[in-house]
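Pasting the structures here.
Here come two complexes built around chain A, the first alongside chain B, the second alongside chain C.
Coming up: the complex of A and B.
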């Protein structure tokens, strides 16, 4: 009886496992797999709509969508490349593109772009940031969206206090101090002191100093005294005009503070658009570009550029390219960027009506298209860049905030490591 | 003298009954010492749950400390937009599959380790123990290549195999300890009465191992239910992802949907809490089974 019971358990188990088995593949002449590098409720439905449109226009191609959580996408790509199971086309950003190029996983797209409808239609600044990630200066990702660091601010608080949004860093310090009311749990500014702090800090430092190159030859310009001056100004705000917990802030905590109504200004990027407008409404929130320093020059360290890469392992590279090209076409690129609130890479989209209505995107496009703007791309192509700016430097910046390390010492240490990495990179090239 | 004697006699009964009461009176801080740390510990463990419930049930943008008015919009998001229905089913199949396979193999292997002596037994046990020191992430690429060769990528069966491989060593070690605590004489007596070893095992030993099976099975289920890494790496099809992968969708590159994250957390936690509530009694028995040798 008991033996029969055990057999029944084994049989049920078999049924469970049978239920687990794979379903068959899909139809269509070519099936391509597309990995979204930032899958989630905000983006997945937009891609699903675009895929539907693509399949309607190209009935012989079927697209299988896979949403990969952004926090693990690099590991997922690395594992897939090492195991030889890459998708046909995937969403990538320039922050890890160099690593993928280094593993010889991607197809260069220059010829395909030059021989198709996208020739001359891509925002040059974005194309340049993508090219800079490759040692051979080729285009391994078709840029789709740009992003820009901005200061999100509470319009209503500024109006109540009779203040105008800052245009210089000194004004920002002034506004942050005036808008702080600790008794009401209101702070003028929030500092990103935890994960991701240093990249954001460098964008602030270069915006202030106006230094136009990240490297002078192979020597990093990070330790420029003007950069240190800005870091000193920001660190001086800590605890006076910012919450004390900021020393551990990552972006989610900053956004939570801002949307929770305890902070007047927050430095993040356009990616926060949906979060801040959803929580506070478009009337109460505004965005300005990072203020300038005494030089008055507008220098921008660009955010990673989003795009689509075609993988070398693809059995249907033409279909994969066709899909990537479709996603960056005027109509799709407009649809996508309007929904996510980012800068469209396709220059034809500039004339769309929604851009006029979206103040943050219009402002960001204006900055990128302004001939006076100097773009200072961070060396994300350096394999050590992530470890230098995160593992090594983030704890050091926390020491700066806590007054245990001077801004100049901090920047000198960071610059030396970047210089060494750049020199090694040049040698390898 | 008589008076004293009477007073002492009268006083005697309360005195006799007094010790426990007097002891309590002498130690007024006992309650504080007991309940304060327990209360703090409870606070420490329950506050995250409180926040999870608050975020899950209050509207986006609200900063209220109680979820009022209650909203189910986040549950709608996770169930419909994030596809938690499918992820839930997948997690359940993988959890139940892993539970079943691990329980059966641990029972057989644990019995063999406890009842038989064989060459290399100690080395085998040591090897089992050593596997616990290797993080799953280190094995990712070799396992990926093996799974690819075996055609186990993109299938829930593959995930059951991966989870089983990582849950089984600890389950074997635990189960062998439980089997050792069941007197071998009971089985021998059954065999003297004409039972085969298999019959003796099913009739005598297995019923004694019920709490052990619950403990081992629960660990296997929870381990598989919570596993994020294997589910993400060995599956590259949307319809094969599990709850932990679905949960991480709420953490975007530029934004975090705390409401969806919390609602997803509730969806993922409820089955585990229910399982624990049902099997709690067996679990305590199982875990304490080897504590004192009879």
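Coming up: the complex of A and C.
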């Protein structure tokens, strides 16, 4: 009798457990799970507000918010895909979108966009970077925000020293050296030497060299001597005009140095807008685009594009899409991008008043709109891209900073791997 | 039926019941072990023979010994990380044993405030791994940590980053782990020290043995099994140590502090190359298994003369 009772309990428990995921399926009330791919004190409250608005407008849909830290989100998605426990809708950036497409986890969104109010309202530049990540050129993520690499600088320090912000890399080296005062714990520049270093480095290298294509045929142009020249210039600043700890710098440590008031210039992107302005105030901090090299050409390696993906596994794909569409609607997209200081994907937002007042976003829009700007997309669509640029290359770049490897050797190694991966990609296409 | 007739009829079912009852009783344990021990080990062995990368599913398939071939002949980082792991284990276990023994001997003596001294010695052991690294990251922070304070006092340079300099990153990491590891030895050895009969020391003193002689002839032989077992346990733990090094240095700069398990994490978790990561894990497992057997044989563990 007791055994039978225990069995009954176990069975009903199992039913409850499996039943959970079915709750709200098919018609009527629906509960969808949403993963924020960059959860944290900066962004979570903004999503909470947007979810409140969405639920008020759609009383039959309930959104469960899950904030995932950006550093581990790709791994969390991979695990969820392998285990079949993906959310209904999730924030994704183009840096790992190709991986997820390769695992057949996402729904193409082309038809949904074309049959809804967002048709023709999305910034073509961003739509294109999303499409490029897919072998079939379909849209697997609804773009919400664009991003651009910038150099954040301390306006007050520059004023005190009577210096103007740099427009060329040689000027940057000059300003960095002049603003360094080790005794006062002040450094002119900070290098991202740890996690995430190589992507930033590539944007710097192409900004300097003005090389207009990432691949010449299938051969990577990364090893261009001008790219190596720039890396040599940056590495020469290490320890002279940057903190020694920079060799291990990840995003958090790098931003902490800048917001903590020990660094004059920091290369990151608009993504750090709220961190930087909250700590130092909008009057003390300015943003400039990456300086140019001797060619004078403005070349931009575009930053990953943020967006929302609907998962194939979803039991409520329609509700999931409705939420994604809501997040990129004029009002939500404007609210979101004003708060985080990024480039709105919804073109209707550009007439909003806040854009005029937000110097970094306005400047970034200016760069993207400028006809002379050359866009050099990094091959984030390669399945090996993250493994090549992170696992293999980040320690190698640390060797460059420590003087154990020459910039040219470093780039040649990186370029060879990218070339092999690109050739395989072309063959598979 | 007579009593005589009925006896075998009763005994037979009872014997049968006795046959399955023990198995039924250990079945839950066996099931749990199989689910949480045998299955993971088996799956790692299985994947080590596969090409398995979630980002390139079209390449997945049976790889035979390819992963191992690549590891042994085509991957300098495997050898480098293995060498570093060995260096790390030897330094950690050696220093932790020496310092732990010294501390255990001190707090085994009678002195005023011994209770407080004992709790202080053991306290780092009670701190979680992530907190430990948090403490040391702050201590080593170049602009707020101890080296900034020292520089303000005129000792050393401003901006010294011990974790960024290849010359100091190893000792700095070793010190942080020692802080956490020494109490382990101190606790174990103190417990064993207290089981040594006092009359042995008295007899040795009567025979004219000084402090050092008593330590060599009474204390050390008595501690032998405890030392052998604790060093072995600790060596395995230190070999597999990921949390402290990962949070403190991430294996850097330039792979200078990449241990084998850290390399596995990077290959499997970051690069999604689970096939190769599994092969590296199998290599680590085999190395640990054989060194443990060898160590126990050489130290003649449990066969006190």
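In this text, the second predicted complex is superposed on the first by the 401 of 429 C-alpha atoms of A that agree within 3 Å, B and C clash if a C-alpha of one lies under 4 Å from a C-alpha of the other, contacts with A are read in each partner's own complex, and residues count from 1 in each chain.
Keep this in mind: a residue touches a chain if its C-beta (ideal position, glycine included) is under 8 Å from a C-beta of that chain, and two chains touch if they have at least 3 such contacts.
Quantities reported herein were computed from a predicted structural model and do not represent experimental measurements.
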{"item": "Per-residue touch tally on chain A - higher for chain B or for chain C", "value": "B"}
{"item": "Touched partner set for A:80, first chain B, second chain C, both or neither", "value": "first"}
{"item": "Partner chain in contact with A:428 - chain B first, chain C second, else both or neither", "value": "second"}
{"item": "Which of chain B and chain C A:244 touches, first, second, both or neither", "value": "second"}
{"item": "First, second, both or neither for A:334, with chain B first and chain C second", "value": "neither"}
{"item": "Partner chain(s) touched by A:39 [first = chain B, second = chain C, both, neither]", "value": "first"}
{"item": "First (chain B), second (chain C), both or neither touched by A:393", "value": "neither"}
{"item": "Partner chain(s) touched by A:70 [first = chain B, second = chain C, both, neither]", "value": "first"}
{"item": "Which superposed partner A:190 touches (first chain B, second chain C, both, neither)", "value": "neither"}
{"item": "Which of chain B and chain C A:260 touches, first, second, both or neither", "value": "both"}
{"item": "Touching both chain C and chain B, counted on chain A across the two superposed complexes", "value": "75, 82, 260"}
{"item": "Chain A residues within the chain C interface of the complex", "value": "75, 78, 81-82, 99, 102-103, 182-183, 185, 187, 193-195, 243-248, 250, 257, 260, 262, 383-384, 386-387, 390-391, 394-396, 398-399, 401-402, 404, 428"}
{"item": "Chain A partner contacts - residues on chain B that touch it in the complex", "value": "60-61, 63, 77-78, 81-82, 93-94, 96-97, 100-101, 104, 140-141, 144-145, 148, 153-157, 159-160, 198-199, 202-203, 206, 232-233, 236-239, 245, 248-258, 260"}
{"item": "Interface residues, chain A side, partner chain B - complex", "value": "2-3, 6, 9-10, 12-13, 16-17, 19-23, 33, 35, 37-45, 64-72, 75-76, 79-80, 82-85, 87, 93, 147, 251-252, 255-256, 259-261, 268-272, 274-275, 278-280"}
{"item": "Residues of chain C touching chain A in the complex", "value": "53-58, 141-143, 148, 157-161, 163-166, 249-255, 258, 266-267, 269-273"}
